[in-house]
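Here the structure is laid out as structure tokens; the discussion comes afterwards.
Going by the order they are written in, the chains are A, B, C, D and E; count residues from 1 in each one.
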Amino acid sequence: MRHAEKCVGVVDTTFARVDMARPAMEELEKLLPGYRIIRHTVPGIKDLPGAAKRLVDQYGCRGVITLGWVGRREADKYSYLAMSIGLIMAELLTGSILVDVTVHEDESSDPEELRRIALDRARKHARNLALMLKEGPTALSRHAGRGLRQGYPDAGPL
Amino acid sequence: MRHAEKCVGVVDTTFARVDMARPAMEELEKLLPGYRIIRHTVPGIKDLPGAAKRLVDQYGCRGVITLGWVGRREADKYSYLAMSIGLIMAELLTGSILVDVTVHEDESSDPEELRRIALDRARKHARNLALMLKEGPTALSRHAGRGLRQGYPDAGPL
Amino acid sequence: MRHAEKCVGVVDTTFARVDMARPAMEELEKLLPGYRIIRHTVPGIKDLPGAAKRLVDQYGCRGVITLGWVGRREADKYSYLAMSIGLIMAELLTGSILVDVTVHEDESSDPEELRRIALDRARKHARNLALMLKEGPTALSRHAGRGLRQGYPDAGPL
Amino acid sequence: MRHAEKCVGVVDTTFARVDMARPAMEELEKLLPGYRIIRHTVPGIKDLPGAAKRLVDQYGCRGVITLGWVGRREADKYSYLAMSIGLIMAELLTGSILVDVTVHEDESSDPEELRRIALDRARKHARNLALMLKEGPTALSRHAGRGLRQGYPDAGPL
Amino acid sequence: MRHAEKCVGVVDTTFARVDMARPAMEELEKLLPGYRIIRHTVPGIKDLPGAAKRLVDQYGCRGVITLGWVGRREADKYSYLAMSIGLIMAELLTGSILVDVTVHEDESSDPEELRRIALDRARKHARNLALMLKEGPTALSRHAGRGLRQGYPDAGPL
């Protein structure tokens, strides 16, 4: 299949408790005006790698952001690990840039703070993805080793 | 091999203590009337990824639902992790939609509740699979970030 | 290489403390009379996936049973996990049916019981493999969700 | 794509709190004068394997050094594991030499010591990479079994 | 590339605190007189799978022994797991026999005992590799299920 138009993907889940696709898509629209955005919603985090790969292989996306939400149970942690390995494999197999946003429900017991973390993380990583797609491998090099964080204040350099 | 007929797969195990294939197949029949359903039963969870991939490669299934049951021992948890990684790899290698239903025996000490969790989870994820096969990548987007759960009441959005 | 003759593989280890190949081969001979049985013995569990794949690729086996024994140390548990992931990958890469028998040395402190577990598990899973090879994907479906166990009494359905 | 010029890659992150690329690039420049150095900065450790593979596949790098920084949370440890598996897979898939530098934030509570560890480890592993690229498989054999460490004093042989 | 001469590989690390390549190479020389031995030394255990695969793909080795040493920290355990998965993947991808020797530094607090374990394990597994290369899949079958150990006294059959 030919893919004349440039495309970037957004994968989110019905499991997540915050709509992270909205800030991610806002950033991508703003920073990648020539790109079509394709969204794919799946049930949970273990469905993210396959969905990301389909967006690359079947829709021609040059980059994808995945938006995952991890529950509090031990099984959820294992699912997080499986998903992480899978996303890396998807990136190795496609050669495309896949940027992963994950919120762990136990990062905070305050729903409002959790919401703020999720939205900030999604927005900042969408920006990272857009910059790498636009400017290439050194797009983020001016921030290398600077202790940047997403969802939290930057830790800063030592 | 040609696969003129549309087909969807159901993989279950003899290890599971609830017949989850029944509700899954009921949903798939109802929502995917044009599809042939192919069932494959294997001994336990570690056999699910290989079986799912065979249903895609050898029988032409466009999507597969796997129905796993995880015991209480530490080794079972590792098996769950291996299975999860394997299912994701199968999805990456086939490009098909594989939806995973897993019940952990330690989710409840009440057999009746465990049974209810298993049946509800299988039915709801079969619905997820059918919707994605019928309506494409945005089939579930109206529920994205809404904290949906399978087997439990929805957690809801924050 | 052509493989006119039907063949099934048995992989065991020198690490194991019970000869599980004997009951496995007895069952396979009985249930798969047209098949040649090829045995491959390797040092330990991490060697099982590679050996199983060689039996498929180089000897043409249509299915393989692996017979692993896991020690009591933490490193052994990690080895179990690596082996499990590897066997699933081997199954994905070959498309053949690989059935895994694993005995964990800490399943019992009684040597006689451990021996009984190992022999029963090997025999029952050899039967599972033979049935799937002979009768196809639904060979085990009459037992699906029935809580079957190997090495222990069946847990039964809920 | 042809790659007439010899090239070596450096992948670092914005998450890291020390600029490890500087000492790594200094060493590579000194020891590999005929090589072009290509840098790629990504958000965090899970992005390292994909970036390393892109430097090999799309830029023709014959070797890559990755510079990762692992946080203190449990999720960070799982990310470290996923990244490690991914880097090994990238090395298997490319056939190129990928050398991994990882600093765990909990290696020290003293920022100055952590900084010293990071810089020393990056420099020494850049040297390892350069030597293997220049001198082949036995470049490091004179130090085999000698208990060398990076970031710490050598442990020495027993 | 053609590989007329038979070749076997030995991969060791500068991290290890015992020269395990010496006993391994002694055994291989003795038992595989027609084989050329190619050594490859890498920094640490996570470099072993890539190195083993290069010895197969680029040097034509029919089998490889890897000699790893695992530190006492939690991160070292995760590295062990990643390495184990990677070696199995390398074996699946090459179809060659890769035998893994690993010494965990916490197997003993006595340096002399640790040294003895390492040397014995390397020698015995080199023998296992040589036998499988020379005699094929059933080379070790006379010891199957006999509870053999490397580095320790045999556990024996139950």
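Here is the rule we go by: contacts are C-beta pairs under 8 Å (C-beta built on N, C-alpha and C of every residue); 3 or more make two chains touch, one makes a residue touch a chain.
Note that the structure is predicted; figures quoted are calculated from it, not measured.
Averaged Cα coordinates give chain A a centre that lies 39 Å from the centre of chain C. For this pair, chain C with chain E, the centres built from the Cα atoms lie 24 Å apart. Residue positions of chain B touching 2 or more other chains, listed in rising order: 81, 85, 89. With chains as nodes and touching pairs as edges, the resulting graph is a single ring in which every chain has exactly two contacts. Contact ring, oriented from chain A toward chain D: the chain order is A, D, E, C, B.
Those residues of chain E that touch chain D in the shared complex are 12-21, 38-43, 46-47, 49-51, 53-55, 57-59, 74-75, 78-79, 81-83, 85-86, 89-90, 93, 111-112, 114-115. Per the touch definition, chain D reaches chain E in the complex via residues 70, 77, 80-81, 84-85, 87-89, 91-92, 95, 97-100, 102, 104, 125, 128, 132, 137-141, 143-150, 155-158.
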